[in-house]
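Look at the two complexes coming up: chain A is in both, with chain B in one and chain C in the other.
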Partner chain A sequence: MKKEYIKPYIKKQTAGIMNKFGVSYNKGHREEIEGVPVGNLTDKFGSPVFVISEKVIRERYRKIYSYFSNKYPKAKMSWSYKTNYLDAVCSIMHQEGETAEVVSDFEYQKARRLGVPGNKIIYNGPYKPIESLEVAFDEGAIVNLDNFDEIIKAEEAAKAINKKAAVGIRVNMDTGVYPQWSRFGFNLENNSAFNAVKRIQHSENLYLEGIHCHIGTFMLDSNAYREAVRKVVHLMRKIESEFKISIKYLDFGGGFPSMNKLKGTYLPPEVAVPPVEEFIDAVADTLLEELKPDEYPDVYLETGRAIIDEAGWLISTVDAVKRLPDGTKSYIIDAGVNLLYTSTWYNYKVEIDRELHGAYENSIIYGPLCMNIDVVVESAFLPPLPRGTRLILSPMGAYNVTQWMQFIRYRPAVAMIMEDGSTEEIRRPETLDDVVGPERIPEKLKKFEL
Partner chain B sequence: MDRDKLSVLAISDSGFIFDPVTGHSYTANATGLRIFELLKEDKSEDDIKSVLMEEFETTEDEVSVDVDDFIENLKKYFLI
Partner chain C sequence: MHEKNKMIVLFEDLTGSFSNLIFIRSKLVGLLLFACTLFNLNIAAQGIISLVVAIVFARFIGIKKDDPINKLYSYNALLTGFAIGFLFKVTYLSVILTFGMSIMTVLLTYTLSSILYNLFKLPVLNIPFTISATIIYLSSSKYSNLVVDSFYKQDQYNLEFIPGYIQGLLRAAGILVFMPYDAIGIVVLLAILFYSRITFFVTVLSYYTGILFLALLKGSIPLAFAEISSFNFILVGIALGGMFLIPSKRTYLLTFTGVLVSVFIIDATSVFWVSFGIPVFTLPFNLTVLLYIYVLGSVKYPMMNYTSLDQPERSLVNFLNYQNRFDWITPSINLPFMGKWTVYQGFNGEWTHKGVWKYAYDFVIEDDEGKTYKSRGSEKEDFYCFGKPVISPIDGTIVEIYDELEDNEPEQVDKDNNWGNYVIISSPIGYHIEISHLKKDSIKVKRGDSVTKGTPLAECGNSGYSPQPHLHIQLQHSQYIGYAGYEFKFNSFKLADSGAIDPDLLVKGNSVISLTTSKTVSRKFQFILDEEFSYDIYENDEKASELSFIVKMDSDGTYYFSDTDDNKLYFGKDKDRFVFFKYSGNKKSYLRYFMLGLPSLSLTDEEKFSWEEYLPDNLLESKLPKIFKSLYHSADTTIGRYFKTGNNVIEGKVLKNKVLLFDTELTLCDVKGIKDIIITTTDKKIWMTKV
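Moving on, here comes the complex of A and B:
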């Protein structure tokens, strides 16, 4: 009888530094996602395929909203469309009660098309075409203005539809973190925010209703939120006493991290990333400390990544195995960086679909693009993988299916595992018609002979 | 491929390999040790692949890629 085959390996013994945390981030295998075997998903939807779990989204949302609303009485959440604006995903958020937070006219139209009323949309972002401002004002959306030119543009838009429109301002400030996000909104310390309010309150067509800020992304220090809340509340008080108005809402944006591993960080996310409750504590506790009960405004959070990132996976397939000239093991998989925008700043968790024997070694995972930059994972600790092995990369729910790019191959399907364990295709794979549809060939270029 | 270097290596049954020339040590698994033995017997790469296919539950494609990969590793470590 023949013996079981285990791939041959040899490894040089080196004296290294022990990892006192004892966590091996990239080791493990996963045969199913939320109870559905990986093989069933690829049989039904092909490879690569993005997989999103309805159950995980709802659980994450409920956990965050319950915690926030238990602490602060007028807590509201608005779904950050740019994080993931697939219709099915947004519909789950809206079923849960989230309004829509959009940052472009396209996103505004997408939310409206899905059935979100205009007055349940928060319209943010540094660029808002005047036509879209007219629609937003007409439909009663919350519009947070970014700069002085936009105040003038908003004034024109409101005037064009003969309305005195409510607006908010986005503010930025020093919260003790580096880099300070100063490019969005009006600065607080140099008085630009107060001057913006003055300008709005002197307008015939605008009036101030809210203050918005969004201090950064993938924030790892919750104290920055305490500082932001403190400064925004002080600004609110100053505005209210100076202009004898009442601020209806404060919006602290998002920026909470997910369990993803930022490149260049030493600690695994289980150690480095604080729990989401810590950030909500920072916002809600500071609000309760700073505000009197009779002055509680509505307070919005626009949490995106912290809800959706861990609800998404990508299943891909190893197509080739290659030993590089310097001895490094590498794999070519069927999903590239054009689909995985977040690979630029994350080292994904890599799991394989079966238990494999053999020595683990640091390996590079390349995508299928004919481009040198197509490195999906720079270093994954993997056993020898045979061709055809499925790799499950995560967390994958945030930003990839909005920032992905069609390049040399079709973008793949996105599947959703429903709460009852059934699976649905929520975005079909692209076809040639999808890609060439908007193209037009001038008449004289239509014929050629080779 | 310089197989003379193989004769100076101290190789234990458990897979511990010591190179007295450089002082470096290595570990290999059972399949890797078997390839070492066959290399020392001066078998060609094709012969090594055939022997492994006879002795182990594997395919020609798999063993071919793996033996090439293993020998590349030995070259990288300057063991052959």
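Moving on, here comes the complex of A and C:
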């Protein structure tokens, strides 16, 4: 093979990050995603483009659900809308049998619009407008309440529609992890969870049906879930015997990690992140240990990231190559942090679309925004990339297409690679009309001359 | 409820006893037969005197009104009275005889019935009558005063233009009411025909079968038709073909063998009896039928009729309902695991399920591609089922455990310890469940522990003769490892691909999803005694009627809905299902739509599944007479196909002979009961909605 000419440069020698384990890095390249050439995707949908694989979503979901349902007889899963609420993605989840877990009235309406019946929705979150509570109670949704004021609000909502509504409570507790998520729900240790139940059971318009907890996000220690299950089951027993009721469901939320590399961690995710089975073992084994068969409640998991994150990629294009004054190699690509909310805490895996030669060096990948903070990847170990190289960033399935924002540029297309290898545009790129549509100019501002 | 007038009670006893003469229980038929006896007032009078004396005597000695023995002695006493009336006209002397013999019949009935039932679970039939009548004939030969005073010659009601081969049948039928005359025979046969075509069919056929045998043996057809005891053929026919056995081709054949047997008994007994001047009465019938019932009952003949329904048509409908919808013989257990597993080897399997171990199942977990392992499957931990919980499929007690064997690596087997680590659970019903190839040190129960359905027992492993991790389960009669397996079934599961619930047999490759019972769904069907329900009924959106019914309990402990017309719909729980057991009532009642809309429902929180159900023939009008159905049981079959399509909705299609009759849609209430039933035919829509 002909050796390519590379412009000479001076490379600063550094000791690098102190890490006795060594870092693995990807020297390979990726010409296709799930069998579809990267070039075909950009030709058809432009660049940048988010790519989601139907096949990977289904595989991930089935793997998790079958493992869970083989270990606990009343295993249920509810799709965490906030993780990725694109219609096409949610539809796959609902086809697989997942219900919808929403945390706002917008998400509730979106799920309803997609055809999810109200009684197949779990309505969580610390802020639920009273009107949305009325709708949720009327349609029979599972509503998990967050605080005492919300109990009063729920009571008013149920009274307004003249119904005795079933509710759950969200609880928080010490499971031995730091930081403890104590801002959501009622605390278990200081008895406010029990008091909340007391308040609900004394209400004429509410009754308790379930307990919800969500101990954190991107949890790396499964033991925390054992502790959570144990504590929630004990609370359930206490409630059942005190109030002579039967708890219908327990909801252990989500928080299972994906194969993304958290910033500040030494080890690659393949080593640092425990397999999802370990988390399900923690939940299911503890349930079987603690409960008798005739007591088994429905148990929900709201796994989001662990299903979808690895089913998503972003293809972007190198638009300019720049060497910074300190000698660091940097690239400007066409996708910025406004699209990649998760870049704040993840070091994405960066892959290139072709075989390239030259010495690998740590490079910075900047986005196209005219903002100093627009750093997509702080440090990627890459060979010299010519302009036009496609970069494939991953895992990208969770949170980005819900938390992205329109800022100075249009948001790009989202494509889906279907199970049969065909591709579909599941969200078209935005146009000017999409952005200015909601805007209105007061009469006196309409005319100007320059 | 106020006490019924004594005369009405007597009238009912009378008509009941009269209709019983031909094994029927119908006031109308009873009245008709009573009318027949009026052609000979002596018979009618002696019969009634005997019946009244028997009843009065029974009350006098303290036999309660609701004692089932009442039916038996009054029927026998009636026959005894007829026998006297047949010989003697009503005079004070013959009435003395009737008095005495009637009391004797009560005593005989009580005694024989106790002995036969307690020792052999056999009915007394009309043996008391046979004995009483024999006593009358024997003793009256000594009473010259009585004979001189009362003996008389009867009027004949014969129609000489009828050919002999029909006269024979008519007279045999007439004898059933002690009037062996053509005209009476016609009435009796018409009464039988009116009441039950099946009874009529066996009456005629068994008579001619018996006569055929007789004619062959005697070598004379007229002699055969003249045989006075040939009415025994009819009695044997009705009893076996229509009462004690379920009408079918096989039991008809059996009935004819009974007729053949009775031929010899008739002729043999007559040799003795005739020399004393007495007829053989119903002795051949009693002997033959008792022999058959005793032997068939002892060998557990499947077509025995254990219900006491008097009309064979109804017995048949009832039998087919239970036979097609309920299996209470084969033990049925839950699956020993959670979630979805796949049959790897079924009954009569290709590898190890052979010989005495042919009744066993092996299960594994497969992925979408049909693989049982992830990555390369080179380690036992790669197999999906390895380490998964194994749960108790029954309520019972742990009798044996073993968990010291190492789990093999894939492709290796432990030939010395075929069964590997195992658990044996004993069911209180008497069988044992053996589950093996468990993971070493994973057993969570001890010998003597009580377990319920769903209790975690151990984890799936790869010990013993197991080339890949899997679960083996079988049902044994012994509590020790290695013994023979017996047939069993699973319940509370659905097939993963079709969504069908609880099919009878699983075969290799079937993927099954284990279901759990739901408290919420069970609560929807907890109907309490005296609870009342009302429904508004709309036909084509116009209010047509109302239905209200109440929950009651039958004497056997079964609960039923009873509407204002006394139609009954029996319901209860069977193997984690809510079921409507049977319907008893007319074909107009709206109550039957409950059963047509939902003959059964698995009490699981699973929302989507399907099942098929045989629907009993008394729910819908049928054009095909039951006599054809008795010859061909699967003729004119109604099947319902049901789909649970959501939390509370069950949709169904009711098909007769595979042709769609109507669609059903039933909605359950959120808390308890059935909210709506919609029946849609091509031209009509019936909507029943709970008030």
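We take it that the second predicted complex is superposed on the first by the 425 of 450 C-alpha atoms of A that agree within 3 Å, B and C clash if a C-alpha of one lies under 4 Å from a C-alpha of the other, contacts with A are read in each partner's own complex, and residues count from 1 in each chain.
The rule is short, and it goes like this: a contact is a pair of C-beta atoms (placed from the backbone, for glycine too) under 8 Å apart; a residue touches a chain by one contact, two chains touch by 3 or more.
Note that this is a predicted model, so its numbers are computed, not measured.
In the superposition on chain A, A:Asp298 makes contact with chain C only, not with chain B. In the superposition on chain A, contact is made by A:Ile10 with chain B only, not with chain C.
By the touch criterion defined above, A:Leu288 lies against chain C but remains apart from chain B after alignment on the C-alpha atoms of chain A.
Looking at the shared chain after the overlay, A:Lys71 reaches chain C, while chain B stays out of its contact range. Of the two partner chains placed around the shared chain by superposition, neither chain B nor chain C is touched by A:Pro429. Residue contacts after overlaying the shared chain place A:Pro275 against neither chain B nor chain C. In the superposition on chain A, contact of A:Lys2 is made with chain B only, not with chain C. When the two structures are aligned on the shared chain, A:Ala359 is found in touch with chain B, with no touch to chain C.
According to the touch criterion, chain A has no shared surface contacted by chain B in one complex and chain C in the other. Across the interface of their complex, chain C is touched by residues 59, 62, 66, 68-75, 117, 119, 246, 248, 288, 292-294, 296, 298 of chain A. Residue ranges of chain A in contact with chain B, taken from their complex: 2-13, 321, 323, 326-327, 358-359, 384, 386. Within the complex formed with chain A, the residues of chain C that make contact are 337-341, 365, 367-368, 384-385, 388-389, 391, 452-456, 514, 516, 519-520, 605, 646-647. Remark: chain B residues 17, 24-32, 34-35, 52, 54-58, 62-63, 65-67, 69-70, 72-74, 76-77, 79 touch chain A in the complex.
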